[in-house]
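This report refers to the structure that appears directly beneath it.
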């Protein structure tokens, strides 16, 4: 199912007669069957957007469509979405099993659909209860909770609780799945595993899925598209690699990429790009003279072994190894810092003078307002 | 460690003192119920009956058809508790959770009815009940007790404390309001619901004027009427020892009822499934 | 704009009325209708209950009431119960509840004991209080004797009609007895309600505060009490409303003439007492409507007080 | 409201005859309900009488039930009048009658009383102590009989500590002067007040004494007449003796409290009191409860002027409600009549201590035997003594009015306020008179 | 302050008379002034361990020492620790300001200490209130919440709530700081920033800090030491790079490192290591013949351009670009999969046959029980 937000705005009435606009005139289309990541800094309106799609928050202005259907006024129980809350929202009095089975057993629509599916089952199963049991167990297995089905939420660790919430959302096979930071409390292994599993389920069933995350790795590795918000305003939407490679503005460039992109001051003078005071390369387009910020990602800066013309000089100030790679900190001629990545076993030493280069197409040029004015 | 212990000790001591003070009338009731009519008149009164007269309980039972009164009361109480809990829960849920027009107004109407002294309503209600042809009927003893604004207010207050997220997630899952009420709100609000049930029961147990007015048939009397009427002589003198013996017997079911439900009152609202 | 409004409307839960229906029907029949009837009756002059005849509508009943000095006394006593006795019994109940909440072992046992007065027969309670304040051999005087205080004649009316000083002394003593009785009477239920409320507070908050080294007293003040506020407001509002309807306790303590023997001013009368007296006189024309007028004034007063309470507490009540 | 009454009058005799024919002759089935305020201890005796009636009239089904104290019963009746669901028959307090009559809620019993077939013969009528019928007649207008005396009649008597009195060589005082004289000696002798007056009915002392002193209490036109010199004197008399410490009140006795003197009396906190005849058993001391053993004496109430004795009757009367059909009325009347039978009442009177309402009751052997009880059964003995004392003085009644209840409350309060509170007699009297106007 | 756990065990009584051992005989010493990361899969007992240190959970068995002081029986308020709960535990009725100021204003000890510090302030401040105000504001600024000080928790986004909890723990400058997944809901930028800030504060004040995280990057980049748990049992403790480079067993090797380490089946025959069936290299130590698991991290596998002897052959099956690097999936001769990292602009193509090698010292050999038997 396609989800379309049309000029959607959400304003909260604060406790002291103040108003907070959490989402502003958001225009976004989420194509049917896609897995879309919602990214942005804390407090940018991700959860709010999700809640509006789910029908939990009223839309202050604008419209939301599921397919061709305007659901703006549709109550949440009629929207047929599945959701994982950022704070889990498990039923505290129910066991894990009951929590997962809750939507199956207690939603009329759902039950009808399940009964039908049960009837069409091949090979057929003996009874409906066993079918439910199987569904719950499958979901539990997926999130590795099979051993905990009898426990109450209070007896689970944080990550285990989160997994129950995921199982509960997935078990009902919704037509739209909304996940609010579903993996934030999981360890790396389980995280990768669960996200791959979500991806698999999503692919298999074609559920349109919106996925809030603050982890770009996650976003970049499983999402078909990402939507990037800042202060409730849409910044960019597109396939993750596309957005990564072609950030729409300085914010996106800075936000995506870990470690953060290198940003150094520079300027355009007579259609030439200056890195600090040093001339770097000539621009393919003509742009007015102005001070600019130049963004280059770590991995796009390499030692220049071929003596390229466009290389620039720097001094290694420190080297930090993290896991398999080293982060090398260098200083440009005018003192601006920059970082690059090298393999851990590279032979650079502190104090070395190196020549570095980056291909022009990996260099983003932003004006003073943070708008991207050029990427070759 | 030492202060810890001293503190604990102080808490228990304070509680014990408070409990003792609270229980003086209770003790007095039992004390009186075991005295002979002769000893009852002794001045100053004896703190412990010189001779425990359990005969009083038998006498009380013989004096009035207490078992009948008691079973009547139990029947009415069960009916009232069942119906009024249902009515109250539904209304309280609507007030606590649902959105509808005129909510504030209706809620204030409910609150408003708490303010009128019950005694004033009896006159009109008597007319209503007699017009309905309910005189001397179980309905007349049950139906008017099925609405209690105090309980609606109490449950609304409790229901409001169930975390919003639980409601939201069940809505998103397509769970109907009723199911949500049944499966989430009720289990989480056990303690308050049980409290309202106990209050309703006590209400029935203690109510005197209305059942007295509405029943003229001895077969439908409740214990409170029995208590008042059975042990009063024509000269207005009361046989306290029998009355207290009867009173003691009458409250036994209430105490048992409370003991049975006590653990629910102390169960509280589980909030373990939420982060934040 | 129009469209937006339509959207809003659709978000109302229509089924709400279904949920309310049983309650509203019962409410209308057994509470609202009688109230309306009372309201009408209060304006009927010379209303004769048996025949339903009356001499037109008017404010005569209200005028009569306000001319009556007893009515003023009823208001004062009622306010005393509502705003002196109730807060005191709330503080006591809250203190006990907090103590109860602080223990684990025996908690249920103590709860049960605290609950017993709630089921104790009213007559037993009345008897025991009369006995406790008996001037010769009452418990209170006995205890006072232990600490070397002379016995006090608690419910004593000698000479009070002749001497204002004696009258007010007797009045003060009666108020004291009423105070003790009212505090005692309401405490059980309040403990039950408070305990329910306390159990609803997430233990995590205590943990967080405890780790910070917050003292128990601070935790109570800064966390327990604010989070208990919905219960407290409920208890307060309902207790005050109940207090405004106080009647049985003054009757059981002071008899149907609302005072110590020798007093004919009904010094301890309450609003409902006033109403009941008028109602008790139901065969006298005009009496029932006078009672109705008193009831309406009572309702008006309670409503006023309740609204003020709501306004005052609204900001402080915390729901999650 | 008066519809029923009007109908009753229009076709009175014809309808009555028809109904009598149906119930008595044709033995047509009829069901009546009978409410009583009789307390649990005496109820079985009344029940037995009703049972006897049922045996005698198998076609009349009687729904008999006790409905609590007389004031509760009255409240209930009033409600049921409004909702037109009254019982057929009930007993009522005298003060209830005027308003019930006024609103046409009850039936005039005169036609039944005088009926040739089911009424009372002249001889039978003369058998009743006239005071009771006169009082019933006084409820309504001239020529009507809206109530009929029940068998629950009593009056106040003087109870005294006979052992003490015998020790002094005294007999029971018959005048207030005697009471004062004895009390003075008692005071000097024991330091205790000699006399107390129960105020369990609130207004009892006020009513009795002011009338003995010559106040009308209720004027001929039915209005209250209490603010007069006679009343003032009576009050001043009692008050004066209280100040001297000769007289007391129940509320002032350490062991009594409340409104009855008997608890103080058995503790010898006083030596005489005036109270209800039926309450005498409570004045018997019980050594097991730590009380000193002494004998009682029971005597008629003291008088101001023995030549013009005043003693007040207390008790209830039957009424038949207008809601009832003609046949039910007849059946109810038959029950009333049955319940006033002499033989029938013996057990009731012996056990309840109430006064006989017919002279012939005194002749019933069982009752005769009761009156002759000796001390071996102290309770019976003293109850009989109380009955004898009560019968010794001719009784009177006060005409009831719609305001009777008010007057009683006011004067009751006034009495306490004067005697205990120390209030000023004149001003309190004028206030009270103002209030009951 | 040094924290020492001696044979600490924690058993929970479950709801149905079951028992769950969350932590088992844990022997751990956390050196004074160190920042220690507690790692392990969800449900392994991290929070439980933290709670025992804080005194929130009683210890079932064993002892806990702060310095030389046995605190096992000490109530939590006497321990002087600061804690951030995994679920925040913000006071719902208090504003952000009040939440942060709560420990400052409500603990007697704390207040005394603050008053003293206030007195010694240079330059001195006008009044104590202003001092508190400053402390709260500093903490709020640190977590970027200055604009939200008046709000109640319910009006904040998930990440904002988490930040309040961090501010509240940090503001009181505790002698031991316990953080339970404090950054799980923050976006990358804020995450890095906050963790750097925590590190800075920790360094500056020398607070002994225990830090639960499921993010190894986090652990590896700021922790002085990491402690790795599995099912409540200690697996390894040591400086992060040390643990990364020298995992004690297969579990640790698998757990650390993202993406997960390559594990391929092999065997030891006659002191030679076989990768699948292919002989790889001779072992420097003599080990009995046995089947083994061989672990090699992605970044340690490189295309062999120098025709080394120890290289092995593989076929490229897929290439996935994520951000700046590509993950290359290859198949060994016997069909076992392996992954390696390359720069995004490497020229490998699907289907290419490549020769790969890894230095012996980066190769871990585990026996069937998952114990490490050799790392050259």
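Labels A, B, C, D and E are assigned to the chains in the order they are written; within every chain, residues are numbered from 1.
Please note the rule applied: contacts are C-beta pairs under 8 Å (C-beta built on N, C-alpha and C of every residue); 3 or more make two chains touch, one makes a residue touch a chain.
Predicted, not measured: the structure shown is a model, and the values here were computed from it.
Any chain bridging chain C and chain D, meaning touching each of them, is among B; the list is complete. Compare each chain's C-alpha centroid with the centroid of every protein C-alpha atom shown, and the nearest one belongs to B.
By number of C-beta pairs in contact, B-C leads when B-D and B-C are compared. Rounded to whole angstrom, the centroid-to-centroid distance between chain B and chain C, based on C-alpha atoms, equals 17 Å. Here the spacing of chain B and chain E, counted between their Cα centres, is 56 Å. With centres defined as mean CA coordinates, chain E is found 59 Å away from chain C.
One simple way to say how far apart two chains are is to compare their mean CA positions; for chain D and chain E this gives 95 Å. The residues of chain C that reach two or more other chains are 11, 136, 204, 320, listed in rising order. Among the residues of chain E, those touching two or more other chains are numbered 75, 86-87, 158. Multi-chain contact residues of chain D (touching two or more other chains): 75, 82, 254. Of all the residues in chain C, the ones that touch chain B in their complex are 11-17, 19-20, 22-24, 26-27, 29-35, 37-38, 92, 96, 99-100, 102-103, 106-108, 110-125, 127-129, 131-132, 136-137, 139, 184, 187-189, 192-193, 195-196, 198-202, 204, 230-231, 233-234, 237-238, 241, 244-245, 247, 272, 275-276, 279, 288, 291-292, 295, 298-299, 302-303, 306, 319-320. The touching residues of chain C, counted against chain D in their complex, run 48-53, 130, 134-136, 157-163, 255, 257, 261-264, 280-285. Considering their complex, residues 51, 54-56, 75-83, 85-93, 99, 102-103, 106-110, 152-155, 158, 161, 168, 172 of chain A touch chain B.
In the complex of the two chains, the chain D residues touching chain B come out as 33, 35, 38-42, 65-69, 72, 75-76, 79-80, 82-85, 87, 152, 200, 254-255, 260, 263, 266-267, 276, 278-279, 282, 286, 288-291, 352. Looking at the complex, you find that chain E touches chain A at residues 12, 14-16, 18, 20, 39-44, 46-48, 86-87, 150-152, 155-160, 162-163, 180-181, 184-192, 214-217, 220-221, 241, 244, 254-260, 297-300, 320-325, 341, 343-344.
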